[in-house]
Each structure stands twice: as structure tokens, then as C-alpha cells.
Amino acid sequence: MESLILSLLIFFPLLGAILVALVPSNQHSTIKGVSLIVSIITMILSFAVYSWFDEVATGMQFEVNYSWVTSLGINYHLGIDGISLLLLVLTTILTVLCIISSWNSVTKGVKGYFVSMLLLSTGMLGVFCALDLFLFYVFWEVMLVPMYFLIGVWGGPRRVYAAIKFVLFTMFGSLLMLVALLYIYFQYQAFSGEYTFDLLKIMGMPIANQAQLWLFGAFALAFAIKVPLWPLHTWLPDAHVQAPTAGSVILAGVLLKMGTYGFIRICLPLFPDATITYMPWICVLAIIAIIYGALVSMVQKDIKSLVAFSSVSHMGFVMLGLFALNMQGMQGAVLQMINHGVSTGALFLIVGMIYERRHTRMIADFGGIAKVMPVFSAFFMIVTLSSIGLPFTNGFVGEFLILLGAFKANYIYGVVAASGVILAACYMLWMYQRVIFGRVTHEENKKLTDLTGREKLVLIPLVILIFWIGIYPKPFLRRIEPAVKVVLSQVSRASTVQLNEKFELEPVPVYGETGEVLEKTLTDNTGANR
Amino acid sequence: MVPVSAYLILAVVLFGIGAIGVLTSRNMIVLFMCIELMLNAANLAMVAFSRALNVVDGHVIVFLVLTVAAAEAAVGLAMIITIFRNRETINIDRYSILKW
Amino acid sequence: MSEYLFLIPLLPLIGFLINGLLLGRLPRPVITIIACGSVALSLILSVMLFVELKSLPVDSRVIEQTLLPWISSGDFSVNIGFLLDPLSAVMILVVTGVGFLIHVYSVGYMAHDPGYGRFFAYLNLFTFAMLTLVLADNYLLMFVGWEGVGLCSYLLIGFWYHKKSASDAGKKAFIVNRIGDFGFLIGLFIIFWNVGSLEFDVVMKQAPLVFAAGGALITTACLMLFLGATGKSAQIPLYVWLPDAMEGPTPVSALIHAATMVTAGVYMIARSSSLFVLAPDALMVIAIIGACTALFAATIGLAQNDIKRVLAYSTVSQLGYMFLACGVAAFSAGIFHLMTHAFFKALLFLGAGSVIHAMSDEQDMRNMGGLKKHLPITFMTMFVATLAISGIPGFSGFFSKDEILWKAFSSDHGHVIFWVIGVATAGLTAFYMFRLIYLTFYGNERMSDEAKHHLHESPKSMTVPLMVLAVLSLVGGLVGMPHIFGVTNYFEEWLGPVMAGAHEPVSHALASGGGDASMEWLLMGLSVALVAVCIFLAYYFYRKNLKATTSLAEKLSGLRTLLVNKYYVDEVYGALVVRPTVYFSVFLWKIIDVIVIDGCINGMARLGGDISDTLRHSQSGRLRNYATIFAAGVVVLVAYFVFG
Amino acid sequence: MNLDTVIFFAAAVVAVFGATMMIAQKNPIASALYLILSLVAQAILYVQLGGLFLGSILIVVYAGAIMVLFLFVIMLLNLRSSDDLGPPPPALGRFTKYAFGILLSVELIVIVKAARMPSKATGVLGFPVEDFGSVKAVSTQMFTTYVYPLELTGILMLIAVVGAVVIAKKENNAQVSDDSGSDRPAKKQVS
């Protein structure tokens, strides 16, 4: 059971999608019901994974490794560590909430919508579990398709532009990634005589410095577009604004994380030298993203694009944390990935709720909502505070650790990035004030109804998570820690290590069955810079 | 004593004339006939080789080519008739709807 | 007993949760009982723990309690834990004591407000955050309280959110505080990466070992922490939010913006005294900023007509006093003034609230006057507070202010200029406070007839806290009488164990003996004399001879305009910081994002499209053209493969 | 100059002449007739190369059946001359087209000249091989070694016949014409 659970987790939504596809198109409630049940079961499966996960063990767990395309050395290799684990759980939870939230808001093409949601779920879960680069790539591209339809079919007025922009951006990056992937594939063959896409095996291969720089660049471009790192972010506001609520939630909550996840899973361990070389550049870009995203979001007129630009800012924090290359920064970054999923997801849900009522997202169309929708305002307030990183909410823990780490890496990074915290308060509170406070100036707003039970049901789990991570983040941090240690030890393989703390290569990368191979290659090839 | 290369050169010349016909002819039926000519030029080369190598396989192939040419002529002419019915011309340059 | 320490902050939190989650569903008496009861229980617990702490031997007066691990990552780890030592004991007494009184006062003040439950929920949340701030045993948890009180301040300033000015003020407060918090965070980072911990006891013990005294590192750290303090405690250059914060309900102004939250910066610096004594340069900056703020705010206070704004600038000024004390390393004097200030300033605000309540929400002093006979209790208590803040001997303010002035003069870090500024501020304070009293309670009744008709003394729930605070203002200073009075300064002694270098100035003063004592008498006399003169001037201008005021005002109209407009600081900030930021943001969005980046990307897409558009014309649809190209291809390929 | 050479050159000249005239003629009927002429000359060459069977087939099937079909179609469509083809295309385009055709031929001739031909190929009629190219010889091969291609060709033929009928069939009902593409210009039925 334990070895099967990941496959089950990944493919159960796919099964559900097929099941939903078999339901006649006009039976809306059946379609919704089946989708909801499938997503809930998936969520329960992810909880099972969470509870069976050994929080102190180093390396991958629940590994399965079957040959898929034997002649090309492509394996069906799955496995998770603490980082993937949290992202899996986040994904399944957000999927459930999205399905509940789109209960009434989707009226046309209901079947296609829910099939897309479930397919998307499979793609995302697959990306977080895949340990074979080819498998990773497959899932990476698979999830693009349903997202394209979610934006392009159920989106706003400029949905086609947004969807195409989203797909072209991502494809542009992922094709370069494919090239780099093939290069690595052939390099590994030249190195060990075996054709394989297995990430864990490839991690043992030393790559020449120059090649690392190019490969890192290719992978980083693909991931940076997803993150999105400034200046590759312009697809994000369009996609977010045009996407339906659930699409925005998944986009912000999970898809963006795939970029940072790619960095931490592939870029850092595979190309340690390039990581060190590029670190200042990426940190600077991340800081620009933090400030830039915050400033631009301050002057947005549309709530959704405001949140979208705030995502740019927040993901800048994550990137900064990752490339601080120390324990605090990286742990903070991983936690912030979760946090951002929770709080920005909640923000998009909230915007969606009010959009459903008013069919506008312009800040100027609101004002005085607190009077008519007190419960809504309270939820909005909590989520806003979490987004600006108030202590005892989740945002604080992540941002604090990131800034702590960044400050250690280079105090200038820490200082400049911390100013983003000020700006976060500016744009979020200004928006909150204009939407919630003041007098009710528009007649339509006087008739707004407060949250329904279903909507509260969607928001309450997120609020619980917000406070849980904020007040007692230990369970999460403890699960992240071994995984981050492994990544750091991989990075410290770099021939030009400049980390403040050197992570010793104890037999750390004990990656299940492939562990021996890895260790062997490591000891055989230390310092062999071809 | 005619060398086999003479037959081949003749085949090439016929083929070239056919090709020029295909390129220059604006009448669809003439164009079609040029294609037939090119096919037959190839057939001639085949027969010449067959003779030179003293094997009869080339003949079989020529036979098959003739058959296929017949089939092609049948279908092609049928299409010409249909197209002509729609447009009342057999000027091939007018059939440029499949552009851009 | 000590194991119940965590209940002190927790009780108000529970109160908040009950009132907050059952938003407005409870009947008002229940809300009242929950809100006031929780704070009252905290107060009782605080007193009991204070007694317990006092019973411990002087050197071991520390009660610690760790609740649960909070954040840990690599070698960074922080717990949620509480620390009760003499310093925090004073603070929790002030917070719960004044807080409880203000809760009670609010019952009457907010009685007719539709947001009654919400108000008390926020108030309880604030009490929780403030108690967390003062009880925290590490910097990060202190930061939690620090931000928490900022949040509550935001919520409470903007309590009447339908007023744009209120929500604007709330937002401004939060953002300005955030600027300070930014400094606080940087300070924390420097401390952590050098000391390796954020626990107070570790930091205080390790700091002298890891930081070179007077070094750049510790100076930066201290200045960054102080930046945090300027935000929270409204010092130059970040004081601008506090006057605007008067948009909030008056009890809020009393609790948050006078008695407790704004003093958090002073508390933090006193708490970090071991660090600050290592950075004399930082101390000097603090002293200068404190002194300047004190004088600067006092001058603005002279010309304000809104009763609450006068008090707000007075608060800024008094906070400057406390920082002046901290800046001359007289931390316990700062805390002492913090405490007495909490009493009399809370009293002043509550009294002003009582006036406003009676005047049907009129705040402009030009429309008041002659209220003495209508509001006797309010007048009496406010008068006591005015005497206290002016530093009339015998009242609490006198002792604390005098101690600060003396330390500013005598301390190793002090200077005679600090003393001069301090005394000048004291004089100005006395002047504008008596101006307030005269304009409000004496003279003609300038209010409209309708307002006059509604005049009434406030209900018991409001006057009783006033009276209690008046008593405290009267006697609160007795715990810290100067040595020259021949009595022990209990307050300084009590704080002694936690204050770095606390003994040093004292011993210095004692060692220098009678010469200094006579100097102290002299200085005290000078300051009291100046205060008396200023009170007389206020009497002359605002009671006796109002014509002189107007003629004077006309003569000094330029200065007056400057003061009324608060030196145009808000406008300058708006022009130099806020508007450029917004314009720059719009530039980034409209130009960089939309035109440059998106332009590049859409341009690339358009380029591809244009190229395809050109190329597609080669697809003429003419069969013979295709055939020609095909033939050309064959020719070229044959040429390449056969002859090439 | 033996008979072989004379026959070859005579047939070759006729074949080339027929082909050239075919593309030079404006009237499609004349073109078709010249093509028949060329094909007959080629059939003679087949026979000279020992392909008696194939030569017969070429005349019967090609010159006979297929070209009749062409003529039939030309007449069915009532095409007399090419004056309805409009003005000729620009000279440059025509020139390139000739150039490519000639270039292609030249290249192929160079290849043929450069290639080493089988030695037996010197005499064609001089080496009469018994039974070469007879019906028996060809059909033996056809029905043994090449039986599958033959069968496939047969099927192809069948499909072509059916297809030709379907394509050429007049569209009688409006439904079909609706389905067969709305972007075509309005259809003018020729009866």
C-alpha cells in the first residue's frame, strides 16, 4: 500500500476525470458531486501520505521505480521528501476548495470544467512526485493543457489573449528545459554508459563548470517563468485577471510553486557551481521582483491584478530565500511557498466571492463593504494580514526566515528585501481600505449578501492553516528540514563553495535504493571537473 | 549495337520534356498528360535496365506502374470533371483557393 | 503561582476570541463582563505575580515560563515564552491597570455605539498583544506583540471605518509603524547573526562579549532598533501618524496612543539597555532625537485647537522626554516617566473624552469654554492631570520629569543643552496644557445652544476611572522621589537588576556629594520657576486678556500659521515620499511593465506573426509554382548529392 | 549502322517529337494525339528491348484505353483550344520553368554518362535471350514473387474505379453540396 500510494494519489484524479467525463453533460449536480468526492478522496490520500511520512528520515520516501520506456532509460520513478509532501497536501486541499468554490460560479461547460480541474490536479501532483526528469517534464507539460482551457474557456473577456500568453511563455521556457534535459541525458550516458533520466542518479554526475552555467540557465529560465521572476512575470497578471476564480487559486497556489520547486529539486542539486555563480544575479532579480511587484501592485485598479502583482512580490521572497543558500532562507522559502499558496489562494477566493456578487473587480466600485458584509470583511482582514506577514500568521514565519537567511547571505539583500515588508502593508491595506472601509457609495453594494455557509466552508480551512502555520509551524519546518539539508549538501559539492556554513557530505544523499550508486559516483568523481 | 545509356538518355529527355510540360502547362489535362509522359519515361528506363541486367522483374514493375497510372488517370480525370463543373475552367492557375 | 504567568496575556485573548467570533451576537452586558472581566483577572494575576516577584531575593527576581517551541530552523530557534522581571512587572501593572480602567470607562463611552462588541474585542486583542510585547522573553515574540499592537491600533483608529479620515489615519499609522518595524527586523538580524540567539537573557549576557563597545555593528543594531522605536513611539521622523490617530475613539487614544502602545519603544530600549550602553553614539542619537521631538511637538501643541490633537502632540513631546532619558542612559527614569505619563495622560485623554462626550462629539476648543460648572468631576480630575504633566511639585509628573532633567544634565551621556531643551519643553507643556484648561473649562460658553442643552456630566462608569487615575497621578510619583529629598528611590532600586549601567550614574551622583546635590536643587528650582511663569502666561493670555492673544497672534501670524499647519511636515512627506512613490509605481506599471516588458514580448510575438505573414504569400495556391519550387529543389539536391 | 541503330533512332526521334509537340500544342486534342504518337514510338522501343508483352500492353492499355479516356474527357468538357486560359504568364516565370526542366535533364544525362553501365548492355538485339520478356516469363514472376504487390495494385484499381465514380458523380441533392464546403464559390452545374 505504501509503495502504491503515490501512484494512487496522482492517478486517482485522472480516474475521477474519466468518470466525470462519462456522466452526461446535462447532469450538473452529478458531475459536481463526483468531482468533489474524487477530490476529497485525493485529499484524504494525501493526508495518509502525510501521516505515514517519516519526518526525520533523510532522502526520498515512498519511492517506486519501474521501467517505463526501457529502450530510452525512462523510468516511472516517484518519491517524495518533506518539500514535496507539503506541496502535495497543499495541492489536494486547494483542489477541494476550488471545486467547492466553483459550485455555482461555473454555468457553461460544467463537465469540461471539472474534468479540467481533476486533470490539472493529476499534472500538479505528478510534478511534485516525479523523480525522473522525463516524467517530470511530461507532468509539467500535461498540467499546461487543462490550465490553458481553464483560462481560455472559463476566463474573463480577454481570456484568449491571457491563455495564449500563459502557454507561450511556459512553452518557451520548457522547450529550453527539454534541450537541457537531453543534454544531461547524453552527458550521463557518456559519463556512466547508461541512458537514464533518473534525477537521483544524475545528481551523482559531475558536470563541467561551463556546461553547468548553460544548463542552469536553460532550466532556470523555464522555472523562472513559472515563478515568475522579474522580468518574466507579465503573463501572470493577465492570466490571473482573466482566469476563473478556481483557476487563479490553483495558478497562484500551486502552479507558481512548481517554478520554485523546480529550482530546489533540479537546479540547485544538479548544478551547484552554477548556483553559486548565479546566486547574486538571481538574488538581485528576486529583490527587484519584491520591490517592483509591491510598487506596481500599489497602483492597480483591479483587485485581482493587485493580488497578482503581490504574488510577484511574494514569490520574489521565495526566490530570495532559496538563493540565500542557507538553512533559514531555504526553509523559510519552502514554508513561504505553502504560505503563499494558502494566503494568496484565499485572497483569490475572496475576490472571486465578491466578484460573483458584483461582477466587477474594480476597487473603485467598492467601498463600505464592512457595513453590509461583516463576516466577509473579517475573513478578508485575516487573509490580508497573513499576506502582509503579520506575526502569528503564516506569512510572518516564512518571510522572517527568508529575510534572516538573506541577511546572512548578504546583509544588503536582507535590508533591501525587508523594505518590501513595508510596501506590502501599503498596497494591501490601501486596497482593503478602499474596498471595505468608507461609506457605501454604490447603490448595488447596499444589497450585497454576506458569505453563505458554502463560502465560509471554503475559507475556514485556509484561515485555520494561516494561524496554524503562524503559531505552531514546527510540524512543517521539521518535515522540510531534512530535505533542505540534502539540497544544501548537494549545493556544497560546488568546487567553489562560498557558503557561510559548509554542509558536510556525510552519507547524506541516501536516496533509497539508488543511494549506493550515488555515493559511489560521488566518491569516484570528487573534483573531477571534466 | 545500341548502348543502354542511349535508352537512358532518351528516357531522361522524355522525362525532362514531361517535367517542362508540368511546369509550364496551364491546361490541367495537358498537365496530366505530361505526368503520364514522365511515368512512361521512367518505365522506359526500367525496361532498358531490365534488358541490360537480363532479369524480368523490371517488366513486372512497369506493369504495376501502368496499372497505377491507369488508376490515377481514372481518379484524376474524375476530379477534373468535378472541378470543371464547379469553376468552368481547367486553367490550373485559377485553382488557387488553397493558399495562405 | 508563577505557572499562571501565561494566563496574563491569554485571558484577554480568550476575551477577544469569544467577543470576536460571536461578533455582535451576545447581549451587551455579557460582552462587557467578558471584556472587562478578562482584563480584571489579568490585573489581579499581575498584582499577585508582582507580589510574588517582590518576595524573591533581589538578584533572582525572574519568573520564566516557556509555552511551546515556535520557529526553529537550523541553528535558529525561538520559543513562545514569557519572562517576568521587575521591568516587565511594572509594565504589566501599567498595562492591565490602566487598561482595566479604560475598559471600564469605555463601557460608558461606547454605550451608544453600534460596534460595541467589536470595540471590546479589539480592545481585548490589544491588551493581549501589549502584554505579549512586555512579557516576551525574546525579541521575536516581542516583535509579535509589537506588530500586534500596531494591528490593533490600525483597527481601533479606523474603528469608525465609514469616516474616510479614520481609515486613512489607521492605514497611515500601520504603514509608518511598518517603517519602524523594518528597522526593528534589521536590528534583530544583526543581533541574531552575531549573538546566535534572540532570548533576552542570552543576548544581554553575550552582547558585551561579542560586540566591540562603540563599534559600528552594535551602533547600527541599536540605531535600527531605535528606528523601530521611533515608529512605534512616534518620534521624529516617524511621529506623523500619532496626531492623525486621534480619529479613533477617545478611550483608544487614551489606552493605545498615550498610556501603553506608544511607550513600547521606550520599553524596548530599556529592555535592550545592555546593548545600548555598548553604543554611546546610538545613545546620543536617541537623546538628540528625543530632545528635538519633545521641543518640536510641544511647539506644535501650542497652536492646535482640537482638544485631542493638543494632547496628541503633548504625548509625542512627553515620549521625546522618555527617549531623552533613555538617550542619557537613564533607563529607569524613562520607565518611571512612562509610568507616571501613563497615569496622567490617560487621565487627560479620558477627561477630554468625557468633555467630547458631553459636547456631543465636538472637539474644537474654540467652541467650548465654561464647562467647569457643567462637568465638575471631569474638571477636577483633568486639572490634577494638568498639574501633574506640568510638573508642579508633589504631583507624579514632577518627580519623573525632574529625574529626567537631572539625568540629562548629570549623566555621563548627558549635556547641559539637553537640560535646556528639557526645561524649555516643560515650560511649553505647562503653557499649552493650561491653555487647554482655560479654553475648555473657563471663559464664555461658546458652544451652540443645542449643544449646551445636552451638556451633562458623564456616567459613573466614566467618572470613576477618572478619579482613580487622578489619585494615581497625584501619588504615583512618590515611589520614585529623588535622593536629595532624603528618601530612597524605590523605583530605581526596583528596576536596578534589569537596567544596564543603572548603578553607574547613581554612584556618580552620590560620589560627587553635596556640590551636585545643591546643583540638583538649583536646577529643580529653575525648572519649577519657569513652569510657574509659563502657567502665568497661559493665564494671562487665555483667561485674563484674550485681546492680547489675538493681537499677539496677529503679530506672529507667520509663526502661527506654521504651527497650526504643524510645520507642513505631512505636506513635505507627501511631496517627497508618498507622491513620488505613487508616481514611480505608476511609471513602473504603465511604462516598464506594459510598454517595455510586455511591449518586448508582444513585439516578439508580432515579429513572428509578421514574418509568417510575409512568408505565407509564398503559398500562392498555384500548383505550378509549387511544382517549380519542387523542381528547383530537386535540381539543387541532385547537384548537391551527385556533384557536390 | 545496323538495323538496331536505325530502329532506335527512328523511334527515339518520333518519341521526342511527339512529346515536344504535345506540350507545344494549344489544342488539348492535338496534345493527346501527339502523346499517343510518342507512346507508340516508345512501345516500339520496348519491343526492341525484348519486352514484347509490355509493348503490347502499352499500346493497348495506354495508347488505347487511357488516352481514349483523356480524349473522352476533353470532348466531354468541350475543350477546343486554350484561348480560354487567358493571357500567358510573365516571360520570366516561364523561362525559369524551362530552365529548371532543362537543368534537371542535363543533370540526369550527366549522371547517365558518368555511370558505369552493365557490360551486357552494349547490344540489345544482338543477344536474343530465349523467352525474355514473354508473357510467360513476366507472368511467372508476377504471380509468384510479386503476387502481393499485384494484388494490392488490383485493390488500388478497384478503389480508384469506385472513387472515380463517386467523385465524378453529379451532386443531385442540395444536402451534399451543402456539406462539401461552404467556402467554395457558388456552384454552377454543368449538365
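Every chain is named by a letter (A, B, C and D) in the order it is written, and numbering of its residues begins at 1.
Criterion: a contact is a pair of C-beta atoms (placed from the backbone, for glycine too) under 8 Å apart; a residue touches a chain by one contact, two chains touch by 3 or more.
Since this is a predicted model, take the numbers as computed values, not measurements.
Trainee: Quick one: most central chain, C-alpha centroids?
Mentor: Checking distances from each chain centre to the full centroid gives A.
Trainee: What's the farthest chain from chain B if centres are computed as the mean of the Cα atoms?
Mentor: Relative to chain B, the chain whose C-alpha centre sits farthest away is C.
Trainee: I'd like to verify one number: the distance from the centre of chain A to the centre of chain D, where each centre is the average of its C-alpha atoms, in whole angstrom.
Mentor: That gives a centre separation of 66 Å.
Trainee: So, what's the distance in Å between the C-alpha centres of chain D and chain C?
Mentor: So the centroids are 101 Å from each other.
Trainee: For chain A and chain C, let me know how many angstrom lie between their CA-based centres, rounded off.
Mentor: Computed from C-alpha means, the inter-chain centre distance equals 38 Å.
Trainee: What are the residue numbers in chain B that touch two or more other chains?
Mentor: 19, 23-26, 93, 97
Trainee: Touching two or more other chains, which residues of chain A qualify?
Mentor: none
Trainee: For chain C, jot down the residues that touch at least 2 other chains.
Mentor: Within chain C, the residues that touch at least two other chains are 624, 628, 631.
Trainee: When you check every pair of chains, which ones turn out to touch?
Mentor: A-C, B-C, B-D, C-D
Trainee: Name, in rising order, each residue of chain B that touches chain D in their complex.
Mentor: Those residues of chain B that touch chain D are 1-10, 12-21, 23-27, 29-30, 32-34, 36-37, 40, 43-44, 47-48, 50-54, 56-57, 59-60, 62-64, 66-75, 77-82, 84-91, 93, 97.
Trainee: Which part of chain C faces chain B closely enough to touch in the complex?
Mentor: These residues of chain C touch chain B: 616-617, 619-624, 627-628, 631.
Trainee: Of all residues in chain C, which touch chain A in the complex?
Mentor: Going through chain C, the ones touching chain A are 23-24, 68-76, 80, 140, 143-144, 146-148, 151, 154, 158, 161-162, 164, 166-168, 170-171, 174-175, 178-179, 181-182, 185-186, 189-190, 192-193, 581-582, 584-586, 588-589, 592-593, 597-598, 601, 605.
Trainee: Of all residues in chain B, which touch chain C in the complex?
Mentor: 19, 22-26, 31, 92-93, 95-100
Trainee: Over in the complex, which chain A residues touch chain C? Could you list them?
Mentor: 165, 168-169, 231, 233-234, 292, 295-296, 298-300, 326-328, 331-332, 368, 370-371, 374-375, 378, 385, 390-392, 396-397, 400-401, 403-404, 407-408, 411, 414-415, 418-419, 421-422, 425-426, 429-430, 433, 436-439, 471-474, 477, 481
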